[in-house]
Amino acid sequence: MPHPHTVSSHKKEHRKEQYPLPADREQALLMYELMLKIRLFEEQVNELYTSAKMPGLAHLYSGQEAVAVGVCQALRRDDYITSTHRGHGHCLAKGASVDRMFAELLGKAAGYCRGKGGSMHIADQEMGNLGANAIVGGSAALATGAALSSKMRGSNQVTVCFFGDGALGQGVLYEAMNMAALWKLPVIYVCENNLYTEYTPIGETAAGEISARPKAFGIHTETVDGQDILAVYGATQRLVERARQGEGPAFLVCNTYRYYGHHVGDVQRAYYRSKEEEQEWRTNRDPIKLLGARLIENDRATPAEFERIAQRVQTEIEAGAQFALNAPYPDPSEVTQHVYA
Amino acid sequence: MSTLSSQVSSSQVSSGHVASSQTSSGQQATQGTREMTLGQAIREALAEEMRRDPRVFIIGEDVAEAGTAFKVLTGLVAEFGPTRVIDSPISEAAITGLGVGGAMTGMRPVVDIMFGDFIGLIMDQLANQAAKIHYMSGGKLKVPMVLRTTLGATRRSAAQHSQSLHAWASHVPGLKVVLPSTPYDAKGLLKTAIRDENPVVFFEDKMMYQLKGQVPEGDYTIPFGVADIKRAGTDITLVATSSMVQVALAAADLLEPLGISAEVIDPRTTVPLDTQTLIASAKKTSRAIVIDEGYEQYGVTAELASIIADGAFYYLDAPVKRMGAMNVPVPFSPVLEDLTVPTAQTVTDMAKTLCGKA
Amino acid sequence: MPHPHTVSSHKKEHRKEQYPLPADREQALLMYELMLKIRLFEEQVNELYTSAKMPGLAHLYSGQEAVAVGVCQALRRDDYITSTHRGHGHCLAKGASVDRMFAELLGKAAGYCRGKGGSMHIADQEMGNLGANAIVGGSAALATGAALSSKMRGSNQVTVCFFGDGALGQGVLYEAMNMAALWKLPVIYVCENNLYTEYTPIGETAAGEISARPKAFGIHTETVDGQDILAVYGATQRLVERARQGEGPAFLVCNTYRYYGHHVGDVQRAYYRSKEEEQEWRTNRDPIKLLGARLIENDRATPAEFERIAQRVQTEIEAGAQFALNAPYPDPSEVTQHVYA
Amino acid sequence: MSTLSSQVSSSQVSSGHVASSQTSSGQQATQGTREMTLGQAIREALAEEMRRDPRVFIIGEDVAEAGTAFKVLTGLVAEFGPTRVIDSPISEAAITGLGVGGAMTGMRPVVDIMFGDFIGLIMDQLANQAAKIHYMSGGKLKVPMVLRTTLGATRRSAAQHSQSLHAWASHVPGLKVVLPSTPYDAKGLLKTAIRDENPVVFFEDKMMYQLKGQVPEGDYTIPFGVADIKRAGTDITLVATSSMVQVALAAADLLEPLGISAEVIDPRTTVPLDTQTLIASAKKTSRAIVIDEGYEQYGVTAELASIIADGAFYYLDAPVKRMGAMNVPVPFSPVLEDLTVPTAQTVTDMAKTLCGKA
């Protein structure tokens, strides 16, 4: 894969609105680095899968990095997130370390869940990550409950509930949104619309306008270009501010795209989407390229800096994977631990 | 909705299994006890726990002003206000999930699901979320939540409001399942449930809400996994749960004049299960019947009977018999509905047969 | 109870729109008669309950008659309906006979379900009534499936799904509406908003505007005065016509009120609604009075005709109840019948 | 979506229980049979039934072009078109309910629920609607629907994608529950399921989709409630379901050289259950182990074991033993996951102990 920060090929997109770069140059570079970390992490996961070193499957987040990072950059460390089967990006964006994540993916005791959770269940409560959920829509009510809890505790925490467009099919989402609206809970529903639920295009699974659904419950709703991290970040900042002020829940639709298959094993995709479509997103809508270009255009960074970041991240990823490969499996006795607290 | 007082301290986190007082219901507590109904005992346990721990709150349909459809919670909203006794929309799945999320983040929710029949709507939240979060997270997250719901037929409420579906919950590792059968047990077990660090499903028999019994004032807990010998006997063991405990006791009364001394054992919790007490009793009496109001097929009676048949194998003089609800949807017509549940008479008949006195 | 057709006290309401009386005088009188039949049926049910002749409880439809009758008058006999715990009105409006209904309520073998269903589960498939459901929202998907089925069979049947405002809390409704919209199914969701779910006012259980919810799924939505049978009937006719033409699902909000408690045992209601509110609806918004007044204003009927109708209906109700009281219970052997077909 | 051909006639309503051909899988059918996988057998059964009866249609997530996540339905949409092989939104509850409504009104839906773990989302539709409508209506309405779903662990899919929850469905009167263990059984049982007038829940083991076996061409059905003796033996009875049948057969192979002759019995349907064959075998061998991949606690093993312990009481030389999945959420880590399910070795060890040869 060409280095994603090779921005020269980036075709300028006509955007309605130009969201400002963060005033803080360091934060902008951090966003870049985090997105790149997710990208390279997922490359490594794919590599582990194809070389048969990872048990099971994984759902790669590649292509959607601006959503996780843009949202989480607008959160405090003690704010909560809930995540999905496609959760590595959320986890990293909320501050997880790559070594323990890889260890979890390989079922090792050093993993975030001592190897018990795996790719679809990483939780990292120290960073406010309440865990990934392999039930589509399964965290909608949990996240809303976390928001109810923080309201009751007066902690001023905000909860972000990440889910895909597929979760719009799950009734519990509407049940939860109704209560969030009734009780003005500090929860932000972030719908990552990547156009497909597994192998079926969104047009076949969702009637009407997505954004009309939360609005019908009286929930403040915005839609952004999920490939533009500045748009995602800017919108989330506003919504978090509202929530902290007690103004209630919000819903953010992020239009985005996954580069790989539904999971690592989904390589023959022609029957549900075209190579051209994939190429178009990779070439012209890549979130890392887009941010890189903005930074260079605005003289906030140089290609050399990107190169240094890439080196650093690549080293971290490789070390993390190596750590995980060398780490021991949990002791067999752990199988009966943690059934009850 | 206001904010709970900031004095929630970790010192209030009690370990769920330590019983501050453990009493067999056989002994009649007299000092500081009053007669009250099972429904009142539930309410008292909730009120005391809510006073004790500001993290405890109640959420459910018509729980506040209405005090639930069964009027069990009457008065709680007056004392604790609508921020701790929360009327919800008719959204069983989501309120259960809200409970899970609340429990994961420092609260102690008590979720009220009006009819146990409705747990079909929440099995994903219970079994895939609540039950598994502690394990999946490698022990980092926990879900100290209580889900109160009901069971029991013969209220003429037909097939969708009469089931006893505790077998579903009992099948799922990670959940604890409680089935109180007396006011005394109800109060003590509910307190234990609220202080437990795990998701606990608490089934109350609708017909027993008016059942009266002695209940101590103030604080006591009853540990999970400790069966209670509701009546001692020597000839046959009647293992009975929830609503069926009274039936078994009535059967024991009918058997006594026939010269059959029945021991009535109430497991009180199906998970964890006190297999020791069940097996020991069956070894002693050499005969056992398991009685439960859930559907008989693939129900709670199967687990209990197979555990006794295995554990007391070399002591049994007769096969362990199971008496569950008839394997039919619960019919509305009283003449039919009454046929579907074990009664003192049918239990007595079965016991007589097993003891060779039929 | 004063005869509900005593229209003299009817205070004229200011209505935005005057829906026309049916061209056919007989149909207008039939509407009147059916509403009255439901009203008197429920009076009799209450009587059977208070005199301890009926096992269990019942949820009376009194006050909401214009919805069931107005909707069902716009349906063919082979069109389907699904009903709720408050279902006696739907059942009668779709053509059920009072004797077999009373027999069912008393658990007798002559009942529509041989006494196995009771008040909350009457089904009458000969009239297209697929049955009442005691799970709130429980028939949303069933009705949608019936519509899918009739579309597949090319039968041109329409399915009406009746439910209360409380069902808006059940996620499965949104799941079903989404599919109905995607596949343009001939189903009409009729939401009877009687302002309460059991003992809790709608404002505490439903956020936003009810009608915005189906609209968000692209479903054609209308709201009518559910006390005005001509409004209900007129709207349903349009929606049925659309559905038969293949134009897809619709949602009809009927604003209405239940006169009695949530169920027959709910007699102390002051803690959740006032006597004044109840009186206001009974006095000024009674659907039977309103239709009666319209018929008289327009010289389509006379008070004497109403009196004759009332006599006839009262006789039918009394005979039906008597039939049921005298009817035998099912044989005990029936308890194990009909578990499997 | 177009309309199905109007020639749907009532003569196509077949009685679900008549087997047009009944074969013990012990005998190898040769004429007109081919080797195929269990997945292919499922597909063939569906294709043949859809050709035979225009009322049969499939609805589920990614069932059409994708042919399901397990590629079991590949090719069906090409033959039958998207109006009979319908891709749905991710709405398990509603598609199940659509199936129920469709079945009530003249269709024969086959609902596809990708992972058996998701039945937590549909238990209300299954247990309160599908299972009860025939009974509640006094026999007037019926729900001839098949719900296909999966079970089985060891795919490294973790706690929410590895469960075997057939005990829940088996607990509910009004449902039938089918657990095929060979390609031959899969085809014959699925045809019976589709022709049955009742709601049938059909659990397929994900790990067995690639299992190969002989399958006859053309039409045959296998009646429900008839257990199959997968291997005859004299010393011990191994009752095994679904995925565990292969485990039991492998254990029998390991036991043979030790001089222990194991009989392997597959009930094939848990509801209705062929109690006769189970009891008769245990009476003959005097020892039994029940093996099932569901959680052991309050699971299918309990029902089967208690039925054998009761029915063969006077013939048993040892207690009936149960081997289910370990009572823990399924862990992701392979080293842990492999410990949670019975294996040929653990079954062999248990059998040796029971036969006094440990």
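By written order: A, B, C and D. Residues from 1 in each chain.
Just so it is clear, contacts are C-beta pairs under 8 Å (C-beta built on N, C-alpha and C of every residue); 3 or more make two chains touch, one makes a residue touch a chain.
Just so it is clear, the structure is predicted and the values come from calculations on it, not from any experiment.
Asks: Using the touch rule from the top, work out which pair, A-B or A-D, shares more C-beta pairs.
Replies: A-B
Asks: Work out the mean Cα position per chain and let me know which chain is farthest from subunit A.
Replies: Measuring from the centre of subunit A, the most distant chain centre belongs to C.
Asks: Report the inter-centroid distance (CA atoms only) between subunit A and subunit B in whole Å.
Replies: A distance of 41 Å separates the two centres.
Asks: Hey, how far is the Cα centre of subunit B from the one of subunit D, in Å?
Replies: For subunit B versus subunit D, the centre distance works out to 32 Å.
Asks: Using mean CA coordinates as chain centres, what's the subunit B-subunit C distance in Å?
Replies: The computed centroid separation for subunit B versus subunit C comes out at 38 Å.
Asks: Tell me, which residues of subunit B touch at least two other chains?
Replies: 88-89, 91, 93-94, 117-118, 121, 124-125, 128, 135-136, 158-160, 173-174, 327-329, 331
Asks: Mind pulling the residue numbers of subunit A that touch at least two other chains?
Replies: 113-117, 121, 133, 135, 138, 168-172, 175, 178-179, 182, 204-206, 339
Asks: Which residues of subunit A touch subunit D in their complex?
Replies: 55-57, 104, 107-108, 113-121, 133-138, 166-171, 197-200, 204-206, 271-272, 329-330, 332, 334-336, 339
Asks: Please output the residues of subunit D touching subunit C within their complex, sorted ascending.
Replies: 1, 3-4, 6, 8, 57, 83, 88-89, 91, 93-107, 109, 124-125, 128-129, 133-142, 144, 173-174, 176, 197-198
Asks: Mind pulling up the subunit A residues that touch subunit B in the complex?
Replies: 80, 82, 111-117, 121, 123, 125, 130-131, 133, 135, 138, 140-154, 159, 171-172, 175-176, 178-179, 182-184, 337-341
Asks: Help me check something: in the complex, which residues belonging to subunit B touch subunit C?
Replies: 61-62, 64-66, 69, 87-91, 93-94, 117-118, 121, 155-161, 326-329, 331-336, 339-340
Asks: Using the touch rule from the top, collect the residues of subunit D that touch subunit B in their complex.
Replies: Those residues of subunit D that touch subunit B are 117-121, 123-128, 131-132, 135-136, 158-160, 165, 167-168, 170-174, 270-271, 273, 294-295, 297-303, 305-306, 309-311, 313, 316, 318-322, 327-329, 331.
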